[in-house]
Amino acid sequence: MHNVGLSCFIASHSKDKQVRYMIKDISNLQVKLQTLLAAQQEFYTQGKVANYIPALAEVSPEKMGVCVSTIDGKTVGAGDYQEPFSIQSISKVFGLVMAMNRIGDDLWQRVNMEPSGQPFNSIIQLEWEKGIPRNPVINAGALLVADVLTSHFSSSKLAFLSFMRSLAHDDSIYIDNYVYQSELAHGSRNAALGYLMKSFGNIESEIPEVLNHYFTQCSVAMSCEQLATSLLFLANKGIDPISKEAICTPRDAHRVNAILSTSGMYDQSGEFAFSIGLPAKSGVGGGVIAIVPNYGVICTWSPPLNSFGNSVIGTNLVASLAQELGLSIYH
Amino acid sequence: MHNVGLSCFIASHSKDKQVRYMIKDISNLQVKLQTLLAAQQEFYTQGKVANYIPALAEVSPEKMGVCVSTIDGKTVGAGDYQEPFSIQSISKVFGLVMAMNRIGDDLWQRVNMEPSGQPFNSIIQLEWEKGIPRNPVINAGALLVADVLTSHFSSSKLAFLSFMRSLAHDDSIYIDNYVYQSELAHGSRNAALGYLMKSFGNIESEIPEVLNHYFTQCSVAMSCEQLATSLLFLANKGIDPISKEAICTPRDAHRVNAILSTSGMYDQSGEFAFSIGLPAKSGVGGGVIAIVPNYGVICTWSPPLNSFGNSVIGTNLVASLAQELGLSIYH
Amino acid sequence: MHNVGLSCFIASHSKDKQVRYMIKDISNLQVKLQTLLAAQQEFYTQGKVANYIPALAEVSPEKMGVCVSTIDGKTVGAGDYQEPFSIQSISKVFGLVMAMNRIGDDLWQRVNMEPSGQPFNSIIQLEWEKGIPRNPVINAGALLVADVLTSHFSSSKLAFLSFMRSLAHDDSIYIDNYVYQSELAHGSRNAALGYLMKSFGNIESEIPEVLNHYFTQCSVAMSCEQLATSLLFLANKGIDPISKEAICTPRDAHRVNAILSTSGMYDQSGEFAFSIGLPAKSGVGGGVIAIVPNYGVICTWSPPLNSFGNSVIGTNLVASLAQELGLSIYH
Amino acid sequence: MHNVGLSCFIASHSKDKQVRYMIKDISNLQVKLQTLLAAQQEFYTQGKVANYIPALAEVSPEKMGVCVSTIDGKTVGAGDYQEPFSIQSISKVFGLVMAMNRIGDDLWQRVNMEPSGQPFNSIIQLEWEKGIPRNPVINAGALLVADVLTSHFSSSKLAFLSFMRSLAHDDSIYIDNYVYQSELAHGSRNAALGYLMKSFGNIESEIPEVLNHYFTQCSVAMSCEQLATSLLFLANKGIDPISKEAICTPRDAHRVNAILSTSGMYDQSGEFAFSIGLPAKSGVGGGVIAIVPNYGVICTWSPPLNSFGNSVIGTNLVASLAQELGLSIYH
């Protein structure tokens, strides 16, 4: 069903894992991506750059990038697709995979996998459900995952960074310390979520440690290209198509895609499924990643957010690509 | 991606739309289905037959059926797959398609498409969101849809029945009057939902009329075979593969599948996506339907329900089939 | 403790129960009341006349009355204190007394006596607490009381009207049919509350009957003078000081005063206690009654309401009187 | 209205403020108190000693004391009324008075004065109302008050202890360090409330400081006698009847009594008003204080709590005394 429109993806080879895989008929898709970007240029005024911390508020609203990576080893991008930005909540996907790998199904005793039906950081549902977060990609769930990592790694922050570098096949990936410090200074709501879970006995580590890990994770800076590459395993039944390494089990890749499909786009997840139809995750830094099972990953970046916290232009770009290339999983 | 395991589905042709399409290699899949049923035989005691109305409480808990219909015109079943049962909430899928066809995108001004994050008939979210139901497959949303039908058809009940008969290509489909009367007599909670939406100005017709339509819809009796056949258009971009008629637009078929994926299985929808991965809808009569895009429809029936209101055995059967045949949309 | 400032209340006698008891030194308090009214004249623009039904929306916002009745048989008023208005939710007090008299402590199995902490007609708390209203003076609780009356009187509407007439010692009290019809036509929210309670098994009668009674009750028209007189028993341990008849037990008078103190003024009840300190009840018709234990009753009327649904001027008048005369129960 | 049954309170004089004022006809009330205690002896098994911290769990469930202090300077007690216990939430009353004195009406911009309608430490309402606690005697409100004290006193903990000692006219009052350390180690839920308010910008100090103050306050140990004496100003329009000093304005004494009447007994406040009728506050240490305006203060102590967190026997004792002596404010 996904064989329409992606004929432009033809493999080239690379000699070096640090060199990006390239698409032969690069002009075709690249022209398409550039056309899509051009069509969105006006729309950055329709959203609002996240301003809860200065480090995010200072990013130019006109930044815009898009990148497509495929499981047969090609990557093509347009705009600012090689410029690192704050991945923020997109990090929840990676943290989740690490925690699944580390403690297996025990994880699902402590966090649910249901859509939340509430704004992304709602404390109400957490109280209602006695400290069990609805799913691992709302803030409470991601803090629970951060607790798992903090408790099970001697240095969870280093482990996280290593994981990101190995997935992206790029050791230049770094933690943006300015963002990290900003997050720490504005972390009251996440602290509230953490302490509430702790009061229900669902957090093992000390909350400041958990927050430290979580904010570190959110402060990783990556480009569209790096993100798209590093998530290919989710489009490929858990196998990194570059290294051929198993990053997670096929079952867990399935599960992550399911969770991203029902819950990845905050309280706009249903609408995203309804009109686009791909497992996806966004971050308040303006990034959006979308998994296309058996094909590849789309990553977009544009800082201005809509009222749900999703990038206006980023969402539009994914929508256009998905529609033109016939990528939805619901057809 | 769905080419594994379904090699048993080989087309035969039929000259008559009332004659069921048959699978040539019928023994293969039928044996599989019978084996699956046999493996479930003990599990009917793990659930509880719906008992809020006598008409449902009286159904034997040991009834059990499964049927697979494919878009290339074959149907194979096992157990009680040709015995009609009360379709209950599965009717919401058909009502939704009728309303989309009738009023187009105006529908989405009056009902949302987000997962609910609350038990299926929760009045709280409806109050919170000022009379706009979260989605059209929770009770409030289905009542909203029933209001659209009541307001836009001279006889919405007849129109609904005709729609069902034409989709199933079977004029014997009927409304179970005993169930209908039972529902009417126990409809207080749905009345509460209806009046609450009306108080917010989101219902046009009178509530008793809306409830009449809704309970009529729920009281339609159909077999697994009839249900599987009648939903093929959702697996086929809106086209009934038997009559070649367009039942809805490809876009609307996509939308329905998306809604069923995020919200079709009550408050177990996330778990269903997580572990099975198909657009699906269940009813308290014990039926479950699952759409496999580009392939076909699975329908199961077994009255005992789990705590979420989903058939225990029905869910197990869909899970086994989906896994064995590699049907998930998230791979 | 209440002996300050009310020295103006000196008894006169009356030979006829239809003749109002008068205060000898009438000029003193009457002047005070007129002064208070004059000081409020500008403030009717600060509120908004209830407009959910035409019958209320049409009342002049400039109407204004105040009346004080004491347990030693005097009544003095100013402004439009003898003009009947729609008593609306003030009727909840009378319905409650009737139900307590009729079924005794069984009532408290079906309705709680806690403040609600939610807007007055919130359906959320009702759902949360499984159909048990928080208290009998929020809408859900008053509907529960209406169900008790409907189930236990052959004609609860006549019984209610008789009760009002006997308490006010005035057979001219009537039901305003225009208001009643308006209420019936806009009763969806109350219907929702009723059906929700019925779905939990907490309503015996049919909902249309319960609503009929409730709207009848709300549509009684009475003046400040009639209301103040008819509630004297609550300031007098259950005894009507005019007829010397026991209207309810001392214990029940205590209980009603307690409920009015914690919950009588919608979601402004706490502020009313905080700044004024009297058991009180308001109605969206613009009336406010306040009980002064051991002394008497204040009733005010002015249609424009604040955001909580309480009369702006009415609340001000009670506040001024309570402060000047030192009437609070919390000193 | 409060002149019945208290004839036993006849003043004696004392020469020293450290010497307790005594009741001449001491035998009368003391016998009554002893009789009441004896009647309750069996009931300690009906409740459960607070066990969220060891320091409270270790207190003997059979401890039991009662004390009455009057504004004309007499005190009489029975049972363990001179044994210090952990005052816990009763401290909220004193903290509130200190904050009102310190920042005046600014306080009411940051905390409401409405009953909560939710369990005492509910985080849901706090989220709903954007970080503004419903009232100052639920945990969130008390933390807000603690923030005011922390921000406005160079050493709020010392200031609090001094305030307690001066009110009780007893310099032996102390902070129980074992309780304090226990509280600190089990403070996650209060931390969650604090951080949630901070995330809404409604907390000025750092949360650890606020919690330090709050837990210190809760860990003050006082006897029934000390508590009853120290609260006399609330029964006396703000004036300490012993020192004649104004502890707060008459208006603020009124306000505190109003808040305690609608919200002092957790989610049993309405029932307490309904059946007893006095401004009151309880603590999980088993203490209950009740203010009788113009007369005095009752303090009881018995550790086993009911499901609302109120002392079973303590509540019974206040009820019996209030009824026998005719003390309710709603008559």
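Things worth noting here:
To keep things simple, chains are lettered A, B, C and D as they appear, and every chain counts its residues starting from 1.
We take it that contacts are C-beta pairs under 8 Å (C-beta built on N, C-alpha and C of every residue); 3 or more make two chains touch, one makes a residue touch a chain.
Nothing here was measured: the structure is a model prediction, and the numbers come from that model.
Subunit B and subunit C have centres, each the mean of its CA atoms, that are 51 Å apart. Mean C-alpha positions place subunit C and subunit D at a centre distance of 33 Å.
Between the Cα centres of subunit A and subunit C there is a gap of 58 Å. Residues of subunit C found to touch two or more other chains are absent. In terms of which chains touch, the assembly is arranged as a closed ring, every chain touching its two neighbours and no others. Here the touching chains pair up as A-B, A-D, B-C, C-D.
Interface residues of subunit C facing subunit B in the complex, by the touch rule stated above, are 122-124, 127-128, 188-189, 191-196, 198-199, 207. Taken together, the subunit C residues at the contact with subunit D in this complex read 1-2, 112-118, 125, 134-135, 237, 250, 253-255, 257-259, 261-263, 267-271, 273-275, 277, 279, 293-294, 328-331.
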